[in-house]
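Here subunit A shows up in two complexes: once beside subunit B, once beside subunit C.
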Partner chain A sequence: MTLDSTRPLFIRLLLLAFMVLVPPVGLLAHGALEEFAQGLVPEMDKKGETVGRDLTASIERAIGHGIPLTGLYGMDDFFSPVLSANPEIRYLSVTDHEGRVLFLNGAAREMLEPFYTVTDFEVESRRSHKSIIGDFIDLTQPLRGKVGVVGHLHVGIDQNYVRGRLLEIAVDIAVVTLVSLLVAVEILLFVVTFNVTGPMRVVGMVIDKTRRGDFSSACGAGADDEVGRFVHRFNAAIRYADDLFRRLEAYMDEVKSAHFDKSVVEQVGNIESRVRFLFRFSRSGKPEVINEHQATDIRLPLFLFVFAEEISRSFMPLYVRDLYAPIPGLSTEMVIALPIAVFMMFIAAVSPSAALAASRKGSRQVFLMGLFPATIGFFMSAVAYNVYDFIVWRAVTAIGYALVTMACQSYIAQVSHQQKRAQSLGVYVGAVLTASICGTGIGGVLAERMGYRATFIIAALLAVVAGLLIYRLMGSAQPRTEFQTPRKRQLLALLRNWRFSALVLFAAIPSKIALTGFFFFLVPLTLLQDVSTDLGDVARIMMLYPIAVVLLSPLAARLADQTGWKAGLVAIGGLIGGAGLLLPLYSSDLDTLTLAIVMLGVSHGLSASPQLAMIPDLCWTECRNMGQTNVLAFLRLAERVGSVIGPLLAAAFIPLYGYGGAIIALGVVVMSMSAVFALLSFAYGSGPHIEAELSE
Partner chain B sequence: MEGTRALEQIGQTSLASTPSGLPPSRPVRWSLARKVSLALVSILLSTLLLAGFFAYYKFESVYSSLVQSRYSFVVFTIKKQVEDSLNLGLALRQIRQVQDILEREKMRDPQVMSVEVYDFRGEVLFDTDRGAIGSKAPPPLIEALSGSATQAFGITDEDALIVGLPLINNLGKVEGGVVLRYPSAYIEHGISGLLLQLGKGIAFQLAVFSVLAVAGLYLLFGRVGRKLDAMQATLDAVITVGGRAEPGPGADPFEERFAEFVAKSHEAVEHIRDATAEVGRLDRLQ
Partner chain C sequence: MRTRLRRLLAILCLLAASVAPAGAADAPARPFRIYMALWRGWEEAAQGFKDYFTNQNIPVELIIRDAGQDKGKLPEFVAEAKRLNVDLVFTWGTTVTEEMLGRFDDPDTDAHITSIPAVFAIVSQPLGGVVPSLTSSGRNITGTTYLVPTETQVNLIQSYRPIKRLGVVYNPLERNSRVAIDELTAIGEKSGTNGKSGFQVTSIAVEVEDGKPKPASIPGKVAELKKAGVDFLYIPPDTFLNVNRDILTGAALEMLLPTFAAGENPVLTSKALFGGVYRYYTVGQLTAYKAEQILIHKINPKDIPIDAPKRLSIILNMPVARQLGLYPPMKLLGLAEIVDPAEGKRK
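Coming up: the complex of A and B.
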């Protein structure tokens, strides 16, 4: 285990976290589910008995009027409403005294009759008889006529109903466990890098200088743990050598200035030259303190902040629907879509200024500045009166979101070396996607239990925690770089590069249309059309999108690097996403929609990394002229057009085609644009394109 | 002790007797194992509480909806019987057998607190608690009559849960409503077993796995601490006593680099001391 490397220690910690978190939750869930089953079954029996008693009374009334059991008419119509109103009751049947089925609704005769004909129900008492037939609990009650028991009424309770409810709890707990593991990963990664590998990496840097005889640097003060003590001792050794040198230096100065013998002065000068040749000490009088900044410094606060934003992902349109108030000239759907579109628009509008502010004021300050409106936005969203003020608070949150995310990106760009910039940006993408999985998953379940407003309050609290972390843990002295502001002329030149424009227009924008229009806006609304789906289900289904992206992104990035087939991957990704949105053409059930969400995740997982990786080749000249960071920032800004259009377009389609139709219509738009890009991708070629420069 | 083996102090030098200027070692107030244990045990506690919270509320929700649906069925049965009479053209207050129906249903289930029928103005016409007949039904019950004709409404009333349905004649006019009260303690009793089980489970799992977490972390960070202690001890010894740091066979690249640092530091200290001594000697030359 190398002390200055995160991976070995982190992997060991991760294994320990897995061993400590998963088994106890599993054991707790097991115990809870057993208790749950034990508590639920008697209540189901009571329900079955109540239903059976009522039906028995009605049938016995008919028999009492002299109608023979076999002559009862309309029993199907009699049973149907009972079955449809009580989903846990799967069948109702009436058998004669010999157990032959006379009337049956909800199950196959072949399955039940063999059991009934051989069973002596012994139900002469008023209590019902309970049997297990396959997946059913059969509650049998006697039907009495004037001559005694003439047959039986059977109420079949679905054992799968209990299993289904148990599974729902198990899935909820699994989501909690997954989220806890991901949170544990983030926290442990932070603990390891902040307390161990970060300081030890700085020690390593100072060691490398000292090995060459350079004693001009020392490490920043460590914490009061073993690493801090080691760093303190390590620094003490450097300071001891430095101190000895200072004393020698003073002594030599004294001898050189005061000694009358020139040859002594000369010899002392030689000694000084020799010492200075062999060793280097700081000119400032003491070793300079090195505090290395790393991309991972910002990961935990960023994770918490994005978690806070993503927590409302699965219910945002539903909350807006609850807050609905008419806006003249806009349809209901358009009003519901408006907060999402406004949020995206404000992010797009504020991001460039936020980047500039981060470069001028430092990331820490801009992060803290951004948290202020974001926290207010989350909190006020929780107490919003109607959609009017909610839109305002979402805009305020968006300003905060833009400031925070740009501060993080700027910090990462500033602290990472050029060669490691892509790797460091992976820290940003990793934190955002992990937070997206956690926020989406847990947000829906929390909202289901505690309500939308309480969940927004939790988001505000998470944002505060992120702020406290930044305030406490990030030094106020931040690395700053000069921000190269691109001129408008340069941006226009970028748009004249047809490959870049085509990438923006036919790949980046449709991808965002699908994300915000379909995933953010249509998915929660469409999924909840199905009465059997609850908010927890919506959240769990929506979690599949970031999971697919997380799983596929690294593979796609590697594939793009190995094959160089970046445009192809972007094109295939776009087509898969478009095809997913067209799936409701064939079926509009839950599974199809789930598959469409997974396909969108696959689409974005395949295309996101290659899209960025294409830029240095596509815009070789522009990257040289205005900087790769600015070209990428412009791509991000331009694609936000799609983020704004997405929900509005979807909302415009709903009154025309309904929810399913709106998904298909959005799919047609995305598919058409992606198909154009797929055709154009053949003309992209490979390697850097330097035509623009040659033509200048 | 891999770390200790990895970095050993070998030999002594001429400056061995010179006192070191290294300050005393700083005490460890919050060990790494303690810090990470705190984080991991907090995550474990939050996970168990959250999982328990979700399990409990899901059970509560399924259980109470099952109980409510059972009593809804009872209310639905009463509603059918009353509406059959309404459809014969009788006025609600004239259907005398309603009182018998209500009392029969209450007798069947000891958990039923009361069953009452009231008219659209809210006047209680029939009630298993006969003393309440003629009284006014609470406003929420009257408001609930405007809801669905077939979907039972549920209301909470102090210590009772109420489930009811409107009574509608064959012209579609709401004549009144029928409601059944059952104790909320019934639900609480039904789910209390799970609450207890969850409480015990959380406490037990937390205790067992916290110990495991702390033990694992002390083991893991103990190695880190020992490695650091060994390097620190070597540094102290070489600077104060002399000799050289020699990375052992199991040393990692960091330790090898550290050994070079120790050697260079010692070389610098020794060289500066020699230089100081030499300057002193020259200074004393008259």
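Coming up: the complex of A and C.
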């Protein structure tokens, strides 16, 4: 199963965009960073000097009151607020005139004293003296008493701070570049498929027909560009052939009806039937126009829409915390988890009817229908008063989200031929994942610079742009297929298939619990507990999840296809995810959490597509009875149970075990469920026997 | 010009001790007449009270009476204020206030001022004395407190140096000291249980002779405290100790015992090490603000809460610190007003 039919094109475009975009950005960034570094160093010197002057003035005032330098008291309390307010200042110290350290905050005495005792600061005692000790720049200012210089104040500036800041900016640029790259590729892909490969494919199909002598169809009108003109000329050629045929027909009719020689008439009749046998022309004299719909048509609007939703990914629980208002009977954590859970619940509740609506009314209309509540939801989320109305707006957004995503899925399912359906669904997954990378990354940067509320406005605007694209570019004439509506009883019968229920219960649900409980809810909250991480950092770390999924899923899909070892991949994926969540057992630092996020990405990358690919094997009869699409839809619906309980479960764990403990507790849940699945998967066996087993 | 004229007028009226002629030509409104009953003469709080009206451009006529620390004069003041039918009465100090306005549980209408609204200042413990609650007096008076909350004082002492034992010399005849000692003891015990280092309070009363505390007994008591191993001497807001502050702080300094004063005088004009206080001048201004609320904004005094100024003044006596060799922490040094004659000025 190839994930995405446009994947080769996607990768080629990515390479192209990479070559066009990255070198200049890299060059510019490099220059800018150098400039920045050059500007930052004197700026920091200046700041260190200012801080030093302030401290010097205070100390000199104390000395002026007759306090000996050694008698200064409470220096720790005096220095520490200065250190914590100025991250670039690593230490502050006071030495006497012989260079002995009297007071020191922020560094080890052994490191500085050898240096101080051998340096003669008196030479330059007029101004501040700058020297380099290891990684520090030591700014020295003299402390003057009534009798002259009695000692020195040292301000130690951390050179690593500059490096850290530069790295941070470089990473920021990289994130923005990556996102621009992906957005550029999405747009390129859209333009290329919509304007070039799409029409070309139609032309190809029509040529195929003409090769077989069928002149009954023409291509849909192209745009006014080279491709469009080509299509136009090609159609003209077909029409010319059609026209020739009509003329020939008329001539033959004339011969048949008016010729005196019967044998000639007979001959002409033979020729006519021969021609009619070899070639086919449209009856009406107007070739039927073929408009090929492709899955990729909807990719860009879908991408933009999911982008809009994912933009709040990195700060959703933080925003809710800001909007917090008590809800009787619920703990604070529960209230914060509630909007996420409600969002998932509404998606689950609306999706089935959204799918139905999409098949009845057509994808375009449902997509546009869904954009209304979604845009309103995004916009109102930006101006939410407190958590009460915010939950309502999230629910509204969820309704829109369900409608839009179902519309896209149904569109893709309708336009793709049965055998290529799985591939085409890859278009959907690809767009969602790329949007997830972009949205998460940019969302954090935007929220950090403009605030949460403004970022939601941008989400609303993106949704509007998606709507405009659909409105303008997608023809209102949409293919419609008869939708097979499964009865509830049929769906419930699915659960009687133990292989299917095991997959839902012990693989699909725990993976969603980990996603919403850990990734959506706990990760932003836990990451921001560390004062040194800001929103941009959170977003950058969270981007790693979709990146890991994107990198791994094609690999996993190919592996599953070639080896047929699908259950095994799902089991291993589940175990890796569970193990990741258990990592905080060993350490609670940032790197561990980052690793847990990457492992979750690996887990979902490994298991997501084999999970779907397993369905035809597991539910052979059910797929035949009610259609594979419906079985897959039911799996999606069932796994949403996990999406809803994930944040709630995590919120319930926080008061018991704290943030780190809640991750571990969630890990225990996910791990044990995955372990059960791993054990069960041994009993799954391979494909064919299932058919026999179920056809009793 | 106008204000100066008005102030001149007020002083004239004051000298005459009579009603100002209604024809204060430049004042469109009749100036408010305020009866100021003082305990030990004109000082900072009274000045702050007066300056507030000047600065706010509120025409007032001040009728100033000084009891000269003689309780016997107070009934006369009550009678005079009633006779003059003034707009407001200002009382200075615990004694004046309790005698003229009465305790909250003893509303004797004849002996006290009841119908005329009154504001009080420099009352150490108004709560449970003149008022039942600081949010409302429940009657026609309001006022200000001037003592820094004991907990804040303790924090100040602890920020100077952590203490294990706090010593207090007190006048057994004054209620204020007892109250302060009880509060200190409670805080010392409480902070011990809170995980912070607690401290003990050792208190010694001065000797009383003929119903009067004996100033000469003070140095001996300080020596006893020093022997008992106290790290810091606390000077409660006590008139007797305030009057004899030189003896008290001098003795403490001689024995190298650092002192913290709840009032400003022991630090400003004597040899206490440091103190955390609300300046009398600020307290006077705040009291005048409350008077303005009553006179101009017509707010019922019982609706005006009794509180202290927002800004705490830390006063540090630098020569004493030098003599003790016990230098203030840098942070405190940055916040404090420093008394240092060697610098030639008070900052």
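Throughout what follows, the second predicted complex is superposed on the first by the 552 of 696 C-alpha atoms of A that agree within 3 Å, B and C clash if a C-alpha of one lies under 4 Å from a C-alpha of the other, contacts with A are read in each partner's own complex, and residues count from 1 in each chain.
Simple rule for what comes next: contacts are C-beta pairs under 8 Å (C-beta built on N, C-alpha and C of every residue); 3 or more make two chains touch, one makes a residue touch a chain.
These numbers come from a predicted model, not from an experiment.
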item	value
Of subunit B and subunit C, the chain that contacts the larger number of subunit A residues	B
Which superposed partner A:Ile67 touches (first subunit B, second subunit C, both, neither)	second
Partner chain(s) touched by A:Met19 [first = subunit B, second = subunit C, both, neither]	first
Subunit B versus subunit C as contact partner of A:Val641, first or second or both or neither	neither
Partner chain(s) touched by A:Gly31 [first = subunit B, second = subunit C, both, neither]	first
Contacts of A:Leu612 with subunit B and subunit C, given as first, second, both or neither	neither
Subunit A contact footprint on subunit B (complex, rising order)	20-23, 25-32, 35-36, 39-40, 43-44, 46-48, 50-59, 62-63, 66-67, 69-70, 73-74, 76-77, 108-109, 150, 190-191, 193-194, 197-198, 201-202, 205-206, 208-209, 212-213, 216-217, 220-221, 223-225, 227-229, 231-232, 235-236, 239, 252-254, 257-258, 260-262, 264-265, 268-269, 271-273, 275-276, 278-280, 282-283, 285
In the complex, subunit C residues that touch subunit A	159, 318, 321-322, 325, 327-334, 338, 340, 342-343
Touching residues (chain side subunit A, partner subunit C) in the complex	58-59, 61-62, 64-67, 71-75, 77-78
Residues of subunit A defined as touching subunit B within the complex	1-4, 9, 12-13, 16-17, 19-21, 23-25, 27-29, 31-33, 35-36, 38-40, 43-44, 46-47, 50-51, 53-54, 85-86, 88, 165, 168-169, 172-173, 176-177, 180, 183-184, 187-188, 191, 195-196, 200, 204, 207-208, 210-211, 213, 215, 223-230, 232-234, 236-238, 240-241, 243-245, 247-248, 251-252, 255, 259, 261, 264, 267-268, 271, 274-275, 278-279, 445, 449
